[in-house]
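Have a look at this one.
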Amino acid sequence: MKYIATIKGQSFEIDINEAGEILADGQRLEVDFQSVADQPIYSMLLNNESFEANVSSGESSVEVLLRGRLFLVDVEDERQRRLRETTKVGLIEEGEYTLTAPMPGVVVTVPVEVGQEVEKGENLIILESMKMQNELKAPRSGTVSGVRVAPGDNVDQNQALLTLT
Amino acid sequence: MKYIATIKGQSFEIDINEAGEILADGQRLEVDFQSVADQPIYSMLLNNESFEANVSSGESSVEVLLRGRLFLVDVEDERQRRLRETTKVGLIEEGEYTLTAPMPGVVVTVPVEVGQEVEKGENLIILESMKMQNELKAPRSGTVSGVRVAPGDNVDQNQALLTLT
Amino acid sequence: MFTKVLVANRGEIAVRVIRACRELGLNTVAVYSEVDRNSMHVRQSDEAYLLGPPAAKDSYLRGDKIIEIAKKAGAGAIHPGYGFLAERDDFAEAVQEAGLVFIGPKPSAIAAMGDKAAARATVAAAGIPVIPGTDGDAILTDEDLIALAPDIGYPLVVKASAGGGGRGMREVKVPDELPGLLQAARREAEAAFGDGNVYLEKLLLDARHIEFQIMADSHGNAIHLGERECSLQRRHQKLLEEAPSPIMDDTLREQMGKLACRVAEAVDYVNAGTVEFLVDGDRNFYFLEMNTRLQVEHPITEMVTGIDIVREQIRIARGRKLNYRQEDLQLNGWAIECRINAEDPYNNFLPSTGQITTVIPPSGPGVRVDTGVYAGFTITPYYDSLISKLICWGETRGVAILRMRRALEEYRILGVRTNIPFHQKLLNSPRFMAGQFDTRFVEERFTMEEEFDGDDNLAMIAAVMATLVTHRETQQAAQIVRQSERDTSNWKWVGRWERMQR
Amino acid sequence: MFTKVLVANRGEIAVRVIRACRELGLNTVAVYSEVDRNSMHVRQSDEAYLLGPPAAKDSYLRGDKIIEIAKKAGAGAIHPGYGFLAERDDFAEAVQEAGLVFIGPKPSAIAAMGDKAAARATVAAAGIPVIPGTDGDAILTDEDLIALAPDIGYPLVVKASAGGGGRGMREVKVPDELPGLLQAARREAEAAFGDGNVYLEKLLLDARHIEFQIMADSHGNAIHLGERECSLQRRHQKLLEEAPSPIMDDTLREQMGKLACRVAEAVDYVNAGTVEFLVDGDRNFYFLEMNTRLQVEHPITEMVTGIDIVREQIRIARGRKLNYRQEDLQLNGWAIECRINAEDPYNNFLPSTGQITTVIPPSGPGVRVDTGVYAGFTITPYYDSLISKLICWGETRGVAILRMRRALEEYRILGVRTNIPFHQKLLNSPRFMAGQFDTRFVEERFTMEEEFDGDDNLAMIAAVMATLVTHRETQQAAQIVRQSERDTSNWKWVGRWERMQR
């Protein structure tokens, strides 16, 4: 089966032939791939080179934590790729975005207000949890369309805090 | 629910009233009993005293490994106890006993032969495994009725080695 | 003399204190909140008492309840660990009034060092250099402060008198900002400590945070155990500490160590404490504050001195003389501590909670792991995010760094995100390796962003691993579909069977 | 100079060597048998190659294959660890012939010490006291030995010349037993080593087994790193070791240490090695044998000297001079090692195999755990039962013992049985605490049997815990019954639903 794995714009063509062999960018490699202790830790022997990484499928890409470095890898099979390429339009930056609490905590400040335009990376809310003040930032630019919490509020995990359009 | 727990002939009457309280030999004790990490390790707070032990149900009794000491505890509820007391007869030491290999290994010696009478604790077979010679002993006295292996044999775990009547 | 100690804390430090007690043959009493029933400290103690709901104010900050439990359990002493009640002079006082021993300094010493502005005054009076700033422990209004600011010079820092942990603190670059930031600092200080008083201090650039561990017994002996280099911080939270400091030499150590002891003597200090200094680029040093408790990073001092600091704390509290004289002490080798926090270094260091599913700690020569967690334990959002301290010792700084690198690479914690990759990156940075950093290094010169290199072999490896996992998941999903098809047919079969039975 | 090392071993010692290589910046090549794919040493190395089926003779003893892999992988050196190929002079020779470095002594030194009878002769010729026995390395017949026995005196021991690990060894109390036991010993030696030669030695009663760690470089420098007390054994397998020995003083240490170095020099020794002595009740000491390799118990010496022995081994193999001179060395504190084996101390120490489900290792100050296992790893019957070495250091023997006790209490390993309770019992025995034991202590004076005490509070606790677990299991079983009742009715419902759909 053929896959395209992409990291920061660089693509690797990876063909999983059968158990024990893959083709990576045309290079034939012997592979022994094992999960360790039934956990998302994987030990890989690739042409006898030994690698170990935490690998977990995130929402959009696969996270690989390897030798102290995090790689976000987008993996698609050929069919998915063709599909995406033919339907590629500017879907990003559209619709409403709801900021939810990544953990329970207390709202310290809400430095934005309804109607305000914000840039990507701007602080939307400061949430105190685990004795730390955590800045929740805008994942994209947009306009604040709703603020559902006020400083001092106790919030639960995943509670909606603020919306952005 | 009432239980009788016996360790080396000493019996304890333990009454589990409800969550959070027990009566041990008439003494009322507050108990908080938790398994740790879903393993057979248990943490117990008994009137606020903290104990932790490995507890596992063996074939006949419950094994409690507590502060470096192993206790073999026989636990019965009242019904079981009454049943046993009325039907108590010399059932022990009867029937055929089959010695099986506790682990894979190589038979080193068989110091007994068919027809030989053996005492409890006598060596029946020496099995080499994990670089050690392990003495497999008679669990009771009896007569060797069959020997199924010879020195040098490779045996699998649970393979029958010898019978005793 | 007490033989039972109540440990008024949780997490790794409670475990640390329990270990020291055990090794002294003392019984221990743990206290815990509702979410901490299965904590290591509860499991390892001889007795354990529930304090209340998870929030610290309902549990670990309930000094009254803790003293009551100590009396009920017959504990003769209370060890506060760090944080929570450790630097509350009213708690220390109440412990003594209850007829118990507080394993720490006298309430008066805690109070004297607790008000940061007053401490500056006390220490300056004893002839110790302090950072230029507003003098004395008088309460100053905004107008006072604005008037005094030009004498101190810019940039400067507004600090909360009752402060700690960076709260109620603001950096001021130009005079115009001062009025607004004074108010912000006061508000934050009021919220955090119930005390809105602030003072001004000159902002030292290129400064290092260097602290001295001191120990004093009740017989008038005070010694220092050398310094710790704690400049690597993020938002005033220490992340990596080492002992000794790369910039230290014997002369400076002796000079600063002596002054640290003098600071302790100025407040009649007993037990373990830490005197913090800022050291500027010209090796001028200034008293910053004194922490009147056991420090998170005490193990690195233990590794290079061979002294069990917690055991000494308990011995001192029992009225014993110090086991060591200053001239007996010798620093041996180098130690580094990495604080392993449950937080995501790739997402603005956001705390991470959840159940830990796997822990494979590093070990081998020169490696120590102090932790309160294990596989199966759940990290809750109620307390700080420190889950483990990884400490490595080596004969030289180089050996310690190499050992820490391999230990970090070996460490596996799953279930929550950790800052291990941060430490790995930090330990690989040339400036860290060269020992060239100051307190602003992590925030200003360090980033987790990768400069992506086109022919990076590791990227290809990551791509292969991600693909293999995706492939597996696809295969398994397909199997589950097939499985449920079979299930359906089983159900059909059951249906048929039932119809036949009618 | 080599930059890549093949580690020809498995388990904790392979991990130990890999760690040392990493800390030196050297790449590592692991080799593994079919059951060891997920071993720690495979996971931690830079490269890994399959050797073959599980049995050692098909995998870790395949010297030819290992050398071939080293060449293929471009490894410049091979570290043999202990056991397997570590003391095979033919392997060391083959490694050198292949143009690779053997990290260990010269083949000639391994050979000289490998034949125990020849080693006795060599060492005696160098003026070192040996245990009275048959002299020289000549091959002796039964008649020769029976004729020589009266000169040696009874009790005596028959030992295999090629011996090790207690095989081919018989104790003889009276002359009548000698002929029969000679034959038994020869048979066993022939089977174990392919060499039926034996020799006689006087049996020392009340003897201690004390060994000296030595290190020698290729520049003619040899030093000793002090002694280890290894008397606590069962069936000639060491169980607990400590450094220093409770019976040692500076004078005796200097004297024995010098002789140990002289033994090494007598065979032109290079790299790390251990000279074993027996010391009798009158402190007379006799050369026993020399182990020409890294020893299992090397960490206790590392703890009291601060020297990383494996790193020094690699440095020496790279042609470097020793980093230390004899006069620089200083023993600091006390270290104890408990060998944690997968065996059942309550059932005749029978080995235990299976998957390890949980590991919670002890940690904190002065605690080191060297292991090759983790939760999820399976212990197979193919190799020895050592799963971990727990090493504790303290300023004094007393502190080290107390620390080891608390560490053993903390250690949780589930899935296989371990001898942790044996160590706990041993550490509580008054004779151990007093340091009064000899090589026969464990077998002759120690038992796991409990003297059961009627009002033993722990028994009541155990009874309560057993009852609570039984109660839970009964409740759960009842629930499962109820559950399956519900399942059945679901099936019925499906059947009904299907009928409706017709």
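First chain written, first letter: the chains are A, B, C and D, and each begins at residue 1.
Keep this in mind: contacts are C-beta pairs under 8 Å (C-beta built on N, C-alpha and C of every residue); 3 or more make two chains touch, one makes a residue touch a chain.
Nothing here was measured: the structure is a model prediction, and the numbers come from that model.
Engineer: So if I look at the partners of chain A and the partners of chain C, which chains show up in both lists?
Structural biologist: Neighbours common to chain A and chain C are D.
Engineer: Using C-alpha centroids, which chain lies at the maximum separation from chain D?
Structural biologist: Farthest chain from chain D, going by C-alpha centroids: A.
Engineer: Distance from the CA centroid of chain A to that of chain B, rounded to the nearest Å?
Structural biologist: Measuring from centre to centre gives 52 Å for this pair.
Engineer: When the C-alpha atoms of chain B and chain C are each averaged to a single point, how far apart are the two points in Å?
Structural biologist: 47
Engineer: From the mean C-alpha coordinate of chain C to that of chain D, what's the distance rounded to whole Å?
Structural biologist: 39
Engineer: Which residues does chain D have that touch at least 2 chains other than itself?
Structural biologist: 44, 358, 374-376
Engineer: Which residues does chain A have that touch at least 2 chains other than itself?
Structural biologist: Expected reply: 37, 39.
Engineer: Using the definition of touching given at the top, classify the network of chains in this structure as line, ring, star, complete or other.
Structural biologist: other
Engineer: State which pairs of chains touch, listing all of them.
Structural biologist: Here the touching pairs of chains are A-C, A-D, B-C, B-D, C-D.
Engineer: Touching chain D in the complex: which residues of chain B?
Structural biologist: Contacts found on chain B: 1, 3, 5-8, 10, 12, 14, 16, 22, 24-25, 29, 31, 33, 37, 39-42, 44, 46, 51, 53-55, 57, 61-62, 64-71, 73, 75, 77, 102-105, 129-135, 137, 157.
Engineer: Of all residues in chain C, which touch chain D in the complex?
Structural biologist: Going by the criterion above, the answer is residues 15-16, 19, 22-25, 44, 299, 302, 306, 308, 332-333, 358, 360-361, 363-371, 374-376, 395, 399, 402-403, 405-406, 410, 491-492, 494-495, 497-499.
Engineer: Given the complex with chain B, which residues does chain D contribute to the contact?
Structural biologist: Against chain B, the touching part of chain D is residues 165, 235, 237, 342-343, 346, 348-353, 357-358, 381-385, 408-409, 412, 414, 420-421, 424-425, 428, 450, 452, 454, 458-471, 473-474.
Engineer: Which part of chain D faces chain A closely enough to touch in the complex?
Structural biologist: Interface residues on the chain D side: 30, 37-38, 42-49, 73, 374-377.
Engineer: Which positions of chain A touch chain D when the two form their complex?
Structural biologist: Touching chain D from chain A are residues 32, 34, 36-39, 43, 45, 48-50, 52.
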